[in-house]
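Next up: some structures, all given as structure tokens.
Both of the next two complexes hold chain A, though its partner changes from chain B to chain C.
The block that comes next holds the complex of A and B.
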């Protein structure tokens, strides 16, 4: 009885405290409202109308923007091949990041704290340097290596993206592995597992949440990236990101660009739903 | 005759400078329920992990069923463990957790089904077979951990504080279930706990440990009724421990009153510790005993009253009775001869010395010891070191060295008499040494007790 009443009073205290601190969340909610929800509404508005900002034209509702993206020569020859290419590149990049990243995360989780910190510095150090600069240096490297030709462009894009997004694969996996109870691994040895069996039957399944987070964290940015292909392939290899970039960078393409963006957002949302299915508490999302 | 299942020989373990286990020897018989009992940090979990194969000793041998298993990987030992906080596989359900070990051993599917269900029945969880681990209560998780271990029919089951995370009532129920399970399965259990009640109710044999050494081994009754050291008496249940003397065989004296007891073989007027359990004191009329006192405070504890009595010398004694007495009542206390436990005082080496720089104390030309003392340089002091704190080791590891002059066997250890320069020092150790041997001697600095010389007269 005593215990229960204690728990209840603790809970009411916590709720009271929550009410007091609730107001601290308001600035962020306002920020979200202005810079996330409003732009989304504008995107939807643009995608379904003929409104042109630069000419301040009349507003007409239309589905022609969508028709253009789903049923036109442009759609068949440029848009969907680029979407397909984007998925292909992102898939390869994610796979390579996973194959390289998992062992690094695993090793890190086994190391002593000071070596762990050292690897963490190696991982985060490139992030201190401007992203555009890093991409341009890759272009220079490929030029030095003589790889600045058509047939190498996809390869170059993949290499540059892997270097760009690898930390985002390693960190969520590391977070999960580091939290993993060592006794659970010992329990698997105790029940007869060899080291390899223990890895595949216990460690790997228990780190699945981290893997899914890592995959999303690398797959989505590679899907929408435009700077890498822009720089490394001299804007000859078109990816989804390049198409969107081109529409908004020039003039008059906002309506079609909005449709592209909405399609991309749909991909992203599907991705996050997948993450939440595997990782219910969202503990691996950074 | 009974067969030795686990034989631990001269096990030492250190992490850096910290010695976790000190020359540890223990034999465990087949079908025995052995409990390693001690405060946290006493080395009991380390010992269990060595038997399980998760740690290896710095030196010493572990035999299982007659075979040396120091280098055998845990997955190749016919030993299973119930881990602290259970260490269940949260990605698997109850059935899959229990079936895990059988699947690894490639047991046929229909046999797995049967054995898992048998094990789940044993722990009363048949209906929970498809539950996820995070849908179970603590007690149920504990049962899954048990089932997962016993389903493999190990010869030896190691249990690392398996009940520590559960609430009191559940803990008491599970104690009896564990004991029953051990009997019906015929598996040897090594059980680690810091809870003396658990140790006393379940075990065939209790091993009391402190600071990496065995203090006493025996049946729960023996440990409770005849503690050999102050530490054991204090750790196992509540005790009144008072200074006393053995007047002659079968007569002891404490609090200025002589009592008949059952102990013999002490020297005349030898200083001893007297242990009396609170429930063994009998409250009588003030004029019926020479030991009298006043009831100072009392608490009602359900089945009994705990009464604190201040006796004629101002010493506080705790008494458990079923009868209630009023506060401030003057009463007499008696105790039956067989309920008085007499313990030898731990041996102590006493020297005079002089403080030097940085807390060092000089005892002789050869002997300079580090201490925790902050006394000024040049202070004359008295140095006390318990014989059990004098450690013998390699010469290069030690503070100073000496030659062994004599060795006397005691119940659980040897008293080794060593001459170093013009000083003699006694070490109580369980390791075997030989007369004439030269040995290194060292004492942890916190074990060197230093008092200013005048203090002594006040004692």
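The block that comes next holds the complex of A and C.
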């Protein structure tokens, strides 16, 4: 008896030793620590001080950066209008993408495998076309169509953003719908659901994960994009992204830039938690 | 045959609309790259190949391109080479490490794995502008600490940073499919730790690795925002170069030509990949039958 238990403990020890691929994950932790966690700490540090890297100035803790952003002439004339404009634009962009994207993803999932692959390719190919050039091309298209940037700037920005981010709405929804077990839908028919009832009671709730991912992947980029409004409106319309972008050139701008970034990260974290709720492994993110 | 309902027609309209709005700028880039004039009213007239030729020659006289554009085209060529350099290197490095990290994460217990995935997915969900700003901050810190100048090296690190999560996400599902005993069997048969990984695990997850590499390549070749933050003042890739050209108010047509070449190559590669994979699937099906 003793011998056997010894053999077993030896065996489990050996197996534990064999499972050493775990150690491959440790360098990743270090890497992420350096390039994700440390910068976050710097960000928080900069947001609450007036420290300037280029001058290596003294460290004074202060809330003045926050006061400047939220409660000053700048806040009234620039910050709040830009934030509201940003939310307005990205809300509409996300809504349009969802209204167009869901039916497209749904139809794709109903097609034969051959056509599905073809449409997938057509959706992912635009990623190979330079995004900056695509935005500039939209500017040209608006000029050709006579949509003057002084009058139609919001419309133009929305159209260009929908064009940029629509694939990011379609792909996650499609990923979920494709994996959906067809027997569940058949079962709902058997239990007396009509086609429309079955869609709202079965398909839609089961594809919620894709919808959440798609909404986040569309809403966040459009909330923080600066190149679209810069190009389409010839630098005349400010969105949240433009505020961050502007801070990165100016002197001492990193402190205010950090405040903006923290605000953006708060939105991101909210979105991220929503995604985690519906998709733990991040399957719908790619 | 079922009768087509209003719903079917509506759905066709949606698909057409989606494709029009996604492809409109690409069609315009296509037209622009073959148009000789810059005037918008004459768009589509004056067919020419000279913007394509200008990318492959240093003898611009024959193409009758005005001298003030030539400096532009020369700097574009440098930006193109920079882009290839960064993209190829970052793809190779991030695919290699991303795969190893994925193997590591896969062998963790469930709780730790979820924690790792949260960390892994953070750069994907984070808007580019925030990732760019965060990386800029660490590079500024490194500059004050060890004098690291921003340039090709910081851009390369940044590209590796945002590519690895995509590789991990592509490889992990494949790892879930393979037999967990493969690695142990290889160790039992005398492989070293790395030997077992490369001989037993890697061959069975190649499709995941290839799609991860494709992701890394796609993200890197087209990146604009993050590169702009970390590249300093001297180093340009194509995207940041186009942006600075736009801010100067003049975009040379050669860049449209470059972009279309890349687009066509990508289409062919993606098509071929798709073709190979469906062929493989068919073969497997035949064998199984």
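Note that the second predicted complex is superposed on the first by the 254 of 286 C-alpha atoms of A that agree within 3 Å, B and C clash if a C-alpha of one lies under 4 Å from a C-alpha of the other, contacts with A are read in each partner's own complex, and residues count from 1 in each chain.
Rule of thumb we're sticking to: a contact is a pair of C-beta atoms (placed from the backbone, for glycine too) under 8 Å apart; a residue touches a chain by one contact, two chains touch by 3 or more.
Keep in mind that what you see is a predicted model, and the values were worked out from it rather than measured.
Legend: residue contacts after superposition of the two complexes on their common chain; A:158 is shown touching neither chain B nor chain C.
Within the superposed three-chain model, A:254 lies in touch with chain C and out of touch with chain B [touch as defined at top].
Touch criterion met: A:28 reaches chain C, while chain B stays clear of it. In the superposed model, A:89 makes contact with neither chain B nor chain C. In the superposed model, A:212 lies in contact with neither chain B nor chain C. By the touch criterion stated above, A:166 is placed in contact with chain C alone, chain B being left untouched. The partner that reaches more residues of chain A, of the two candidates chain B and chain C, is C.
In the superposition on chain A, contact is made by A:36 with chain C only, not with chain B. Residue ranges on chain A touching chain B, taken from their complex, read 181, 183-184, 186-194, 197, 201-202, 205-206, 208. Within the complex formed with chain A, the chain C residues making contact are 10-11, 14-15, 17-19, 21-26, 28-29, 32, 40, 43, 97, 100-101, 103-108, 114, 116-130, 133-138, 140-141, 143-144, 157, 161, 164, 166, 169-170, 172-173, 183-184, 187-188, 193, 197, 201, 215, 218, 221-222, 224-225, 229, 238-239, 242-243, 246, 251, 255-256, 259, 262-263, 266-267, 270-271, 274, 278.
Against chain C, in their complex, chain A makes its touches with residues 15, 18-29, 31-32, 34-36, 38-40, 42-43, 46, 53, 56, 100-101, 103-104, 106-107, 114, 117, 121-138, 140-141, 143-144, 159, 162-163, 166-167, 170, 216-217, 220-221, 223-227, 231, 241, 244-245, 248, 254, 257-258, 261, 264-265, 268, 271-272, 275-276, 280-283, 285-286. Interface of chain B with chain A (complex): residues 52-54, 73-75, 79-81, 83-85, 87-91, 100-101, 104-105, 148-149, 152.
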